[in-house]
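Presented below is the structure to which this report refers.
Letters A, B and C name the chains as they come in the text, with residue numbers starting at 1 for each one.
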Amino acid sequence: MNSRLKANIINTTSIILIYIILVLLIRIGFINNYYEGILIEMGINIILAVSLNLATGYLGQLTLGHAGFMAIGAYTAAILSARMNLPDLPLLLVSIVLGGLLAAFFAFLMAIPVFRLRGDYLAILTLGFGEIIRVIILNMKITGGGKGLSGILPLTSFSTVYFITVITVTIFYTLINSRHGRAIISIREDEIAAEAVGISTKYYKTFAFTLAAFFAGVAGGLFAHHTLVLDPKDFNFIRSIEILIIVVLGGMGNLTGSVLAAIIITILPRLLMGFADWNMIIYSVLLIAMMLFKPGGLLEKREFSLNGLLSGKKKSQGNTPVKNEGSE
Amino acid sequence: MDVLAKFLQQLINGIHVGSIYALIALGYTMVYGIIKLINFAHGDIIMMGAYFTFVCIVTFNLPIGVALITPVILCLLSGILIERVAYKPLRNSPRLSALITAIGVSFLLENVFFKKFGQNPIPFPQIINPSPISLGPLQISRITFITVLISVLLMILLDLFIKKTKPGKAMRAVSEDPGAAQLMGINVNSTISLTFATGSALGAVGGILYSIAYPLIDPFMGVMPGLKAFVAAVLGGIGIIPGAMLGGFIMGIAESLTKGYISSQLADAVVFGILIVVLSLKPSGLLGKNVKEKV
Amino acid sequence: MRRLRKLMSLTLTGVLLAGALAGCGQKDSGSADSDVIKIGGIAPLTGNVAVYGVAASNGAKLAIEEINASGGILGKKIEYIEYDDKGDTTEAVNAYKKLVNNNKVNAIIGAVTSKPTLAITPLAAKEGIPMITPTATALDVTAAGTNIFRTCFIDPYQGEIMAKFALENLNASKAAVLYNTADDYSLGVAEAFKNYFEANGGTVVSYEGYGADEKDYKAILTNVKTQNPDVLFLPDYYNTVGLIAQQVKEVGINATLLGADGWDGVLTVAPEAVEGGYFCNHYSTDDTAEEVQNFIKKYKETYNEDPVSFAALGYDTVKILAAAIEKAGTTDYDAVVKALAETNITSVTGTITYDENRNPVKDVAIIKIENGQNRLYTKVNPQ
């Protein structure tokens, strides 16, 4: 009990400390507008990766339509925020939550046909749904169709993204380590056995899928109010795959891995920009090499923990929920 | 042109694209059948086939026969190489790692060609005269004729190869049960290589036919037809060869009729909509067998 | 072996992490040094529309070299800093932020295509930085702020010119229009064409949209064929036009093909399929004016290829900006913007002045494709 309290204190302090440092750096201009933009994208990618990790890493269902939910959230939030009259912060929060809810609602509807299927068929069906969402947005008037939606209010700031990211990760962390989280993991490990011990697999699958979609929608809302222009092309299946790459790179069913990988994947392409047209080649070679040498992801099954670092203890990772191979 | 003629014309347009989808879908389905991998790099084999042909014709000025065979052989070898280097080491790893590797290979191929051939789409040389042949009220492009002819011929050959020859039977055996196949004295590694070779060669032909129909090639040209062909493979029941052919034709025809009668922009939605409906009714594809899970 | 693997993966992780950290710590390289005038460029140097970006960028660079060779402006050399927007809105916004925040440029040239340009105009309007897009033809581009100008003519204008041309010079009564629904440029031109054509006695028998990534137009063209139009208007960029044109032949449509400035370059894609077509453009290489011929000569010497109209527009944009800075006598945003509004120079794409919406007033060239060559058919005056 004591150690958990201590861990909580350490985590909270460091989160606030990091925030203060970053805000100070932004204030004095060391981190300018451009780098602030990168930090915001990092936060958005973290939310996307962590939420997809719930569906793919913990629940064990490969889904390739995450960008679709992100699109629903992005467009809903952007359209709503332009039509509501509220101060900036509540306006952003209300519109992204509504965007997330609509994404979750669609995920809930999709869950019925999706979870009749298994494995790769399920993956392709989610990909199909993602593409359909994109095509529908492309053909709607209110979304600006193929021309895209512009004139979105610039509501996303570093601070909002930072705290929403922290809240998201905390929610997922708490969930994973709760009874419900263990139920979700048990479905991945052995669905039939899970059902046999009385876990309602249908309920938990739908729950995890919907929750993941909600947060993808929230990330979409943040994205919309950051880039200020939305184009259906931004949400094609390549986008879904990019999120999946983050999850796999960080390690399936590894939250801190997702966070770390999201940070790396956001920065890497910009870093490689110096190599001019070699950048994407280097990026793909790194990706292949990574998978060949570390197929389990960057951190594999180890969760990165500040407490562990600070106390210098190398004892077994108590909070690691995963024992077996990630996917089957 | 009366209503029926227009309908037939749209149907023919659909069969044209559909036969290309079917050829490409075969590569996906064969590879999936044997190592259960969604080979995302297959779409880029299409692109490579197109670029190799371009180089053979425009840069080296090879006679047309040689210029069309060489790319197929090069793609066939690339297919084997990709499997050996990128997928084989991961055969016992989590399947998702292999999937991400396939995506990595896909990115790599796209960007290597991007680097080599630059950013601009390149016009593909005209190999077949596009002017149409009149058949009663119908006008059928020569390109359509030849594409459908070659595709159907290759599908028949593939079917014979798989059913009648020893290596073909080995492929079926490995896809059924690799362990048992090995015990029966089948060399699993070379059978997998053979599968990649066959799939890639068909993909290359698909790529050439695709570029003849839409004569503008760029490093990312394989992504969309690759995705559609893959959906076609799933639609027919992935891992099942006649399923891929059926799926390809259904996709092509559905696309063409949607564009002709509803809206050209809804074509993708209709195609994926069909996929969703089919999978909801038959969870393992049109020709797939339902496998009951054993406890 | 296992050890090696572990070592490899550790190194790899290390490299990635180190890279990530280094990225955070990068500092601005250029502080405000006033020995040079910094001009920021945003153009798609890679990606689908790279052809235009590279051409516009080459044209701009050529003009800057010329100006620097003759002593620069206000006694200072021009430094040109350019980022690739890949034709993508997000990348354009990033490029803009980088130019203004990190490089502290004095003015912006870009973007090249309409969509990314529209993405950065609100930002530029807020900061008041002088911005000229060489080639973004969408109507709304200059509407965002009084500091945003352009060098090219606008979409509705092109559509009207071509509709008028079809009615009067080609005596067309039935027109079909195919347009790209995902592109402001294509949509804007198509709409203007349709409105003008119908208002002046013609009928548009077929008005069909297609998506940005479409490659197969045969289904649409089969429908168009049943309507038997006199002219088929294809306002899109030339790669797409080339694809459509070949399929027009496959389906067996005999209408005269018409297009807009996006056609410049179509001869490299499908010369046979567009033979006999007409399009409007910003300038013609046939033009005997001294500025034009000099530009063509220098461009060929430098880049070893013929300049397309986007190169000419890129070139003119730098000339307009340089003239304005010279006139303002300072790089102060407001002073330069004021000088830009009073522009009156003659350069490659004609004599340029600005109207109250900061759009240029100048001639349009109509070009006919004959024997695989672009030929100046006629010049149309704006009035």
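Everything that follows uses one rule, which is that contacts are C-beta pairs under 8 Å (C-beta built on N, C-alpha and C of every residue); 3 or more make two chains touch, one makes a residue touch a chain.
This structure is a prediction, so every number in the text was calculated from the model and none was measured.
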Practice item. Chain touch graph shape: choose line, ring, star, complete or other and state it. Key: complete
Point to revise | Contact pairs, highest-scoring chain pair | key: A-B
Practice item. Provide the C-alpha centroid distance between chain A and chain B, rounded to the nearest whole angstrom. Key: 32
Point to revise | Gap in Å, rounded to a whole number, between the CA centres of chain C and chain B | key: 36
Revision key, fill the gap. Where chain C touches two or more other chains at once, the residues are 46, 181, 211
Revision key, fill the gap. In chain A, the residues touching two or more other chains are 138, 146, 277
Revision key, fill the gap. So chain B residues touching two or more other chains come to 114, 263, 265, 268
Exercise for review: Write out the stretch or stretches of chain B touching chain C in their complex.
Suggested key: 1, 6, 9-10, 13, 16-17, 114, 119-121, 123, 126, 130-132, 139, 141, 143-144, 213-216, 218, 224, 255-257, 259-260, 263-265, 268
Check your understanding: Hey, which residues of chain A end up touching chain C in the complex?
Key -> 30, 32-35, 37-38, 138, 145-148, 150-151, 227-229, 231-234, 263-264, 267-268, 270-271, 277, 286, 289-290, 293-294, 298
Exercise for review: Would you mind writing out the residues of chain A in touch with chain B in their complex?
Suggested key: 56, 62, 113, 116-118, 120-121, 123-125, 128-129, 131-132, 135-136, 138-139, 146, 192, 237-238, 241, 244-245, 248-249, 252, 277-278, 280-281, 283-285, 287-288, 291-292, 295-296, 325-328
Point to revise | Complex interface listing, chain B residues touching chain A | key: 32, 36, 38, 86, 89-90, 93-101, 103-105, 107-108, 110-112, 114-115, 223, 227, 230-231, 234, 238, 263, 265-266, 268-269, 272-273, 275-276, 279-280, 283-285, 293, 295
Check your understanding: Okay, in this complex, where on chain C does chain A touch?
Key -> 5, 8-9, 12-13, 16-17, 19-20, 22-24, 26-28, 46, 89-90, 93-94, 97-98, 100-102, 115, 118-119, 122, 180-184, 187, 211-212
